[in-house]
Amino acid sequence: MEKETGRLEAFSDGVFAIAMTLLALELKVPHLGPDGPRRASETLAAGLAAQWPGYFAFVTSFFTVLIMWVHHHIIFRLVRRADARLLFTNGLLLMLVTAVPFPTAVLAEYLTSEAAPAACAFYCGVFVLIAVAFYLLLMAAFRRQLLDPGAPEAQVRRLRRNYRYGPPLYLAAAVAAPFSPWVAMGICTALWIFWAAMTRNCEAEADD
Amino acid sequence: MEKETGRLEAFSDGVFAIAMTLLALELKVPHLGPDGPRRASETLAAGLAAQWPGYFAFVTSFFTVLIMWVHHHIIFRLVRRADARLLFTNGLLLMLVTAVPFPTAVLAEYLTSEAAPAACAFYCGVFVLIAVAFYLLLMAAFRRQLLDPGAPEAQVRRLRRNYRYGPPLYLAAAVAAPFSPWVAMGICTALWIFWAAMTRNCEAEADD
Amino acid sequence: MEKETGRLEAFSDGVFAIAMTLLALELKVPHLGPDGPRRASETLAAGLAAQWPGYFAFVTSFFTVLIMWVHHHIIFRLVRRADARLLFTNGLLLMLVTAVPFPTAVLAEYLTSEAAPAACAFYCGVFVLIAVAFYLLLMAAFRRQLLDPGAPEAQVRRLRRNYRYGPPLYLAAAVAAPFSPWVAMGICTALWIFWAAMTRNCEAEADD
Amino acid sequence: MEKETGRLEAFSDGVFAIAMTLLALELKVPHLGPDGPRRASETLAAGLAAQWPGYFAFVTSFFTVLIMWVHHHIIFRLVRRADARLLFTNGLLLMLVTAVPFPTAVLAEYLTSEAAPAACAFYCGVFVLIAVAFYLLLMAAFRRQLLDPGAPEAQVRRLRRNYRYGPPLYLAAAVAAPFSPWVAMGICTALWIFWAAMTRNCEAEADD
């Protein structure tokens, strides 16, 4: 019984790779006003520096999608077969992944403005959907008929447990956003650190 | 005699993955008018909500292309070799796949307007072409010299029969569109449910 | 001695797939003027029909890049190893492939205008470069140390001979363009039919 | 112990391929002014010629990313396993790769203007980051637990030594840029020739 999920993984990787690469399209060359030949260099430097929210959104989105890709990788390493349910839950997750740059751009544009509560609530709301999609994918992938028989029991159990925390915690952040955007962002950041740290643990376990 | 269609499948997957990812480029950050510091949050929330036709077009196009990818997968699982005819019919299908966002965007923009009959007819017309391309691909793929000798006879026969329904049904929808856009959309939706359901059956058969 | 060009082929396929998919970004939803609720459907239909040069450029570019991909495939089927020279000549070809939409768009916009001679000369000029790049790639790939020992001698000889015709014929088309755009386009079309037909022959030979 | 980095390499290749292909989106069809039917061909030819900085930026960026891809290839040929540290340093490099078109476009737009010092300093500054990311990737990849046991000692040592030169030399170029943009560009060009030449040597060594 060979691994049958190769084409599904390659396809998913393609979507992740393109979603990450398209982020760079948002970086635009600043155009100098009619400032005369003097101080042109200072004007360009200031123009490049003024785009910092764009750089921030680019870096944040890139690492967000990268961590999702690593988790996708972790899940599929334990799966041996694909069926229709796995294909469609994976499709739902990929759809949300390709949309990540959109809430990130909304957040970057409005985080320091009066509209921050709505921007944060929207951002957290999209991540509630993503956390639900990841949980559905895990449910679809970790059924007896799809799981690799050699998948370590402890790791499967731990992933199941940890992915369950995602939806309620992001929901809490979304509910908190209209009252305190910074508490909402704090929860989101803490969760990213948590998902990134999980990567390391999964790997350590895989080595046992 | 090993499977020779690997590079063709990987290439097709690339086209499918990119076509799906590019859809997200249509989602744009709403720009707030000079509304003053008050109510900025409500204005942003309203701006995000007002883009619902864009979200609808995004989700519809994404799942449309996803179901096509799954069907492409189903066909190629039964094929062992590629020849020039398969390459060019596959190319025709891929060309139409990359174009799907265009009729979908036309539909999303005009479905609730007076121009709905023309928009629906155009949308259904493109799907007539896609149904024809899928049928040509099936004809090219399911010849004795390309088919995997181990492909289950019953599944091949059933796919051949079901794909034959596509072109006339989409043509009926396209002809109905100028008179009743909603009948046309109803036929298209019913067909998507039919193609998605077929995925499940093919898989069940493959397991027999 | 296993095949070492897998990653190079996959990478090239990615570039081909993306170049083909990006073409569809040029298709734009027509925006209706303030024509009132009456005749909106006719206006939309006319707007969609008026974009025919865009559809023509899309289809032409797509099949142009598709035939190039098939030829790339034919060449690499005979190669077993990659070295720096093959990597860089392949890179040169890929760069020109990604640029194909640009001369095609110039041609589609100006073919029926007074600027047709310059547009055709530019288009043919880019294909002179592509024909040279394909010839350089063939020279790099078909050296004794890279060729698959099992590559059929007759096919290698025939590819070498046929690719030599490309540069001078496209150069003739480029030189003819300022005097007669239609002769130039006729040469280019004839050459595409020739390259597409070669696909079939190579395959027949591979089966011998 | 089989090679486990396949999915990581395929994913990275996807990002490289897309970053290279998106560069061509910057090439735009020139639009002719109301010049009358006479001289339209000369006007179009002049318009195409006037875009030379765009062509220059396209070619430069393409080969820049191509050489990076080749080096990525060289490093991963020697690696057998992936862990979290390799995944994240590789992610950092990929993020900077997708951003390369941005400083290149800034450079192409301002190299011949009064703002050249700022443009060159920005360009060189991004390459300081890329050189650091490549060095971090090498450090992560060339640890005993990840290296292929069969990797040639001499090549590993030479790569380690050569990659150490990158950050200080690009930093020197960035520091020199405000005083003499041309010295800065000279250092960068010399380094590209050096990295391209390394490709050839690595390959020669791999054959020993």
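Going by the order they are written in, the chains are A, B, C and D; count residues from 1 in each one.
The criterion applied here is as follows: contacts are C-beta pairs under 8 Å (C-beta built on N, C-alpha and C of every residue); 3 or more make two chains touch, one makes a residue touch a chain.
Remember, predicted model here, so these are calculated numbers, not experimental data.
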| item | value |
| --- | --- |
| Chain whose average C-alpha position is farthest from subunit A's own | C |
| Same or different residue numbers at the subunit C/subunit D copy interface, by half rule | different |
| Inter-chain centre distance, subunit A versus subunit D - centres from mean C-alpha coordinates, in Å | 26 |
| Centre-to-centre distance between subunit C and subunit A (centres being mean Cα positions), rounded to whole Å | 36 |
| Numbers and ranges of subunit A residues touching at least 2 other chains | 10, 14, 18, 22, 25 |
| Touching residues on subunit A, where the partner in the complex is subunit B | 7, 10-11, 14-15, 18-19, 22, 25, 83-84, 87-88, 91, 94-95, 98-99, 101-102, 105-106, 109-110, 113-119, 121-122, 178 |
| Complex contacts: residues of subunit A adjacent to subunit D | 9-10, 13-14, 16-18, 20-25, 27, 29-30, 32, 37-38, 40-45, 48, 58-59, 62-63, 66, 69-70, 73, 196, 199-200, 203 |
